[in-house]
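Listed after this line are the structures, all set down as structure tokens.
Shared chain: chain A. Partners: chain B in the first complex, chain C in the second.
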Partner chain A sequence: MGAVKRAIPAEIGGEADVVMDSGGTARRASARKVLPIVEGVVLVAALLAPLLLQDYLTVFATRVIILALFALSFDLVWGYAGIMSFGQALFFGSAGYGVALLARDLDITNIFLVLPAGTIIGLTFALLLGGFLLLGRHPSSVIFVSLGTLTGSYAADRLARGWYYLGGQNGIPSIAPMSLGTYEFTEGPAFYYLVLGILVVVYLLCRFLVRSQFGLALAGLRENEQRIAFFGYKAQHLKAIIFTIGGGVAGLAGSLYAFHEGFVWPNMVGVVVSTQVVLYVLFGGSGTLIGAVIGAVIVEGVSFWLSDNYRDIWPIILGLLLLLVILFRPLGLISFVLGERERVGSFGARAKESVKENRDAP
Partner chain B sequence: MLLEAAGITKIFGKLTALDGAALTVGANEFHGLIGPNGSGKSTLMKCIAGAEVPTQGKVSFVNTDITAFTPTERARAGMSLKFQITSVLPSLTLYDNILLALQAQSSLVDLVFSRTRGALHDQVMTMLTQFRLANRAFEAAAALSHGQQQWLEIAMALAGKPKLLLLDEPTGGMSLEERRVTGELLQPIKQHCSLVIVEHDLDFIRDICDRLTVLDQGRVLASGTVSEIQANKAVQEIYLRRA
Partner chain C sequence: MANAFVAAFEILSFGAIIVLIVLGLGIIASMMGIFNFAQGEFVLLGAYITYLAYAKGLPIWAGMVAAPFVVGALGFVLEALIIRRFYAAPIVAMLGTYALGLIIRESVRGLIGGFYLTVPEPIGGSIDIGAMHISAWRFTIIVITLLVMAGCYLLLSRTNFGLRMRATLENPSLARASGISTPLMYGATFAFGSALAGLAGALIVPVFSLYADLGLRFLIQGFVAVMVGGVGSFIGPVAGAGVIGTLSAALPWVMAPVVADVLVFVLAIVFIKFRPQGLIAGKGV
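Take a look at the complex of A and B:
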């Protein structure tokens, strides 16, 4: 057919080859995909981890996987929809407190009750806060939303510290283990694989969502909210929806965290944890789901290692490291291997394939 | 009348950008909005499209008062705006830029389950072909030349099949050849769409428009057919003389 192959210049994303046929129409022929490889490597490493790690490190790894789930929630909201939430811990921590109260006051620890309950608590709080901050008649500014979420998280922290029913400064200790019938999930490989399974399922659901046409609308929202409003999108509704979904994922993570640690305390809803999740996502690479997971793993892993080896100065080293990454790799560590074009993705993929099939058909 | 804007006043602090300006556009009419720099053309466009809220005045579209409508509501009523500064979404492919515009009125469930993706494919490719961009469909929009970005943006603005398209300086920064092609690209839309166009290139405006409105210092100086405006002494004084 005399097809001429040429590579797209690197500055516009060099991972795809375009075949120009004699009619001058172009279609993507073969795209070297990096993301599935990274995802596969991370999944295999995560599956093998408990077999290779000592017991106490498996407990640590479980915590990290839960925090990776939490990071996904922030990535959906910021990385995909461009909503700067500085209060993501509000949903994480309130779900943690919620399930802790269910266990303490009502003896409810069944996994099929507490995890949906935690998710719903996260969803509800996000819907309330998101409704207030995002659902005005005119678009709310980034500053308004980030300060609003920050204030929400700070207020929740103060409330938890001051409320005797929630245990005040000490939080709620000695939460009974999460259960399934007579089986109790205690720290160790079973809990690890449970949270890994949940992470994989949530990850796949998020991936489905962000690659759908809804994901394209989110991309539009992130890049130019005003522009897509002029197309007729209800931009504020889209924002409130993704913010609420993010709250639900954070709630799920928070309820797992509460049962895994066995206690909840005011920091869990506060500004420190809210900021921590921002760092995970910035460090790993916002706008890619795997970047959020990698960010949580690396930030927590490096903190753990540094605190063991440089007891006094480790927070300074960690801070410098984070600054360096954010200064020189604003798209996160994932950008070392992932091109811009693949990061943003293509949303008409299926249609393209069908065209290709039609053309290739005899 | 398709569009009737009357008594539009817009005050920014101490600056009166528009002072009782008016504009009426009929169905399938191409209407040019001209005037010297700072005469309020872009502001009037923004007041019509909902990007700015007029301090005073009323905008009616298809016999509905839309003065208080948000841009989203105006778009859903059939109005579309191409901004003066190109605002294609640079990191998305051309294909996705058009798909984004086409799918704007799909339901949430359709979007989540990508139900309209297949059905819209042909429309995306038709629009890209119409605007001579099909061979670059899967490149990022950032890679296009300025003129091509303008075409992409016009294509996006037309995607929702608007009744009225507002174009703010569509040929800004274009070569002569690109301007000529832009005129060609706009002609066919007359069958189903009216156009309000702000443009400095008077030859371009004369070639494609049925009627013109001339603004000066926020007021309407004259409004009429192209030949009426060309014959108007006051307009010649302030504007056409320089062209």
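Take a look at the complex of A and C:
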């Protein structure tokens, strides 16, 4: 990626930058923290939502929160470590299939069993695929990793479609609800708050992770992989670790999704869902955890709102918006309120202006 | 004997279709370093234009001739307006072209609805060799693929235009210093790659019928073929396409289609992992 950092922030609608990282970030010199305010507003809105929404909208909101959790997993991988995972749905969907099989064949629906199981499935698949794609004697090219993950997801989709045991084209319908003792989690406010609680916990863990020394190394990896390697970090290992963690989070989201929707189907592991999550994060703003959440909420929300009346043209509008965001707002919608300094974050006392470059350098 | 011959013909004709689709993808990837996610949609557009000509009562071949020119022109415009901004950043290029592809695909979906529309073969019937019958149109596709391949090769290796194109792509600043208009050459290369996709779409639509996800189906196969063949040359992606096309058509004859489907991708990824430069390494034609 371009090595030159523009000193002057470009205005929206002004001359577009070629490079993704330097287009129009409103840089604020003040030390005012916007991020905690944004996070607080989102949390309060999420807590109040079921009280204000009708029942069927609460069900929709639950789905959005689960997808936000999924978006978080992609953001960890792409926004923080600069690994383009075009196959994130592979972990999401395989965990969904895994817990669906547990519920169907073994009658296991206990929440303390299925959610860890889904997470472990996601972790394992991510470890296998990530280990294969990322590790090795020679560092893999960015293109190889992105096409490799895409191909993995596509192949899994084809496998799920053709494999009778997994239900073929129809997937696995009517999964029993998740249970805790005798209580069953069905769609509604209880499920919503459960999912929201999980999202908050995972969010805080991720926030801790990306603000730690490990996160600092990751940020360095994204900015300039070679330099991090010269410092003595094992860049490939760092990448594999974060890829695996991302897979685990995606697995958790996938198992929640399977139980919430009550069925799993081949699209869930396929390219469609994989690209969907890329859209969320690009819209919201990659490289900030809250950006991923906001992106999922906005894309799903607007899509839900428009799809009643404009079902046919909505995907076209989505494509146009995505193109505009990529061209003019490469850091996503969050960059309207969040400065570059805060986005990168400060680590200890060494809060430095980051010079972004070479995210994609081989 | 007859069965084996029919199988061989099926495999060959599918291989030819993949080669035809990968040609444009490979030229853009090799020469410009961009993995064009909208390529599948250019194929779709070519198919749609052919269908449109047929629906308006024009001869089908007229649509097939028009398709590469229309899609090529669109490619030229898109390159000048949008793709040009992505050269420095391959991942952003993927996302940007994905967005473009989404717009085109959904527009076509809006125009044709969720239907599978059939277009008859301009050359119908079958060719009989003894007791064996092979589809005349599939045979025509093989012939056209061979001709297009040879034409592209000659264009890139023997003509002044090809020389300038290669010069631009290998060393842009030196090419500029030698008086070659590099932006024009980039535009022309992209337009050429898109035109090939349009042609591919026009030729395959009688075989696969027209539906909105037509291009998507071939896109990933195409990418894998380009990577297997090796990015950087003209021959590499073509060789990769031959291998991938042949494998994915041949394997279902010897094992369960589901397993074969997945196995091709797994084999390809493993191959690329251990030989990142692909089948045919190096730059040039």
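The rule is simple: the second predicted complex is superposed on the first by the 318 of 362 C-alpha atoms of A that agree within 3 Å, B and C clash if a C-alpha of one lies under 4 Å from a C-alpha of the other, contacts with A are read in each partner's own complex, and residues count from 1 in each chain.
Quick note on the criterion: a residue touches a chain if its C-beta (ideal position, glycine included) is under 8 Å from a C-beta of that chain, and two chains touch if they have at least 3 such contacts.
Treat the numbers as computed from the prediction; the structure is a model and nothing was measured.
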* With the two complexes superposed on chain A, say which partner A:138 touches: chain B (first), chain C (second), both, or neither. => both
* Check the residue A:224 against both partner chains and state whether it touches chain B (first), chain C (second), both, or neither. => first
* Asked: Looking at the overlay, what does A:216 touch: chain B (first), chain C (second), both, or neither?
  -> first
* Have a look at where A:278 lands relative to chain B and chain C in the superposition and call it first, second, both or neither. => second
* With the two complexes superposed on chain A, say which partner A:309 touches: chain B (first), chain C (second), both, or neither. => neither
* Who does A:323 touch here: chain B (first), chain C (second), both, or neither? -> second
* Asked: Touching A:235, do we find chain B (first), chain C (second), both, or neither?
  -> first
* Asked: Now for A:150: first (chain B), second (chain C), both, or neither, which partner does it touch?
  -> second
* Asked: For chain A, which residues belong to both interfaces, chain B and chain C?
  -> 16, 18, 20, 138
* Structure fact -> Seen from chain C, its contact residues with chain A in the complex are 35, 82, 85-92, 94-96, 98-100, 102-103, 106-107, 109-110, 216, 220, 223-224, 227, 231, 256-258, 261-262, 265-266, 268-269, 272-273, 276
* To do: Provide the residue numbers of chain A that touch chain B in the complex, in ascending order.
  => 8-9, 12-13, 16, 18, 20, 24-28, 137-138, 209, 212-214, 216-217, 219-220, 223-224, 226-235, 241, 340-341, 344, 346-348, 350-352, 354-355
* Would you pull the chain A residues touching chain C in the complex into a rising list? => 1-2, 16-20, 84, 86, 132-133, 136, 138, 140-144, 146-148, 150-152, 154-155, 158-159, 161-163, 271, 275, 278, 282, 312-313, 315-316, 318-320, 322-323, 326-327, 330, 359-360
* To do: Name, in rising order, each residue of chain B that touches chain A in their complex.
  => 49-51, 70-72, 75-76, 80-81, 83, 87, 89-93, 95-96, 99-101, 103-106, 108, 110-118, 120-121, 124-125, 134-140, 142-143, 156, 159-160
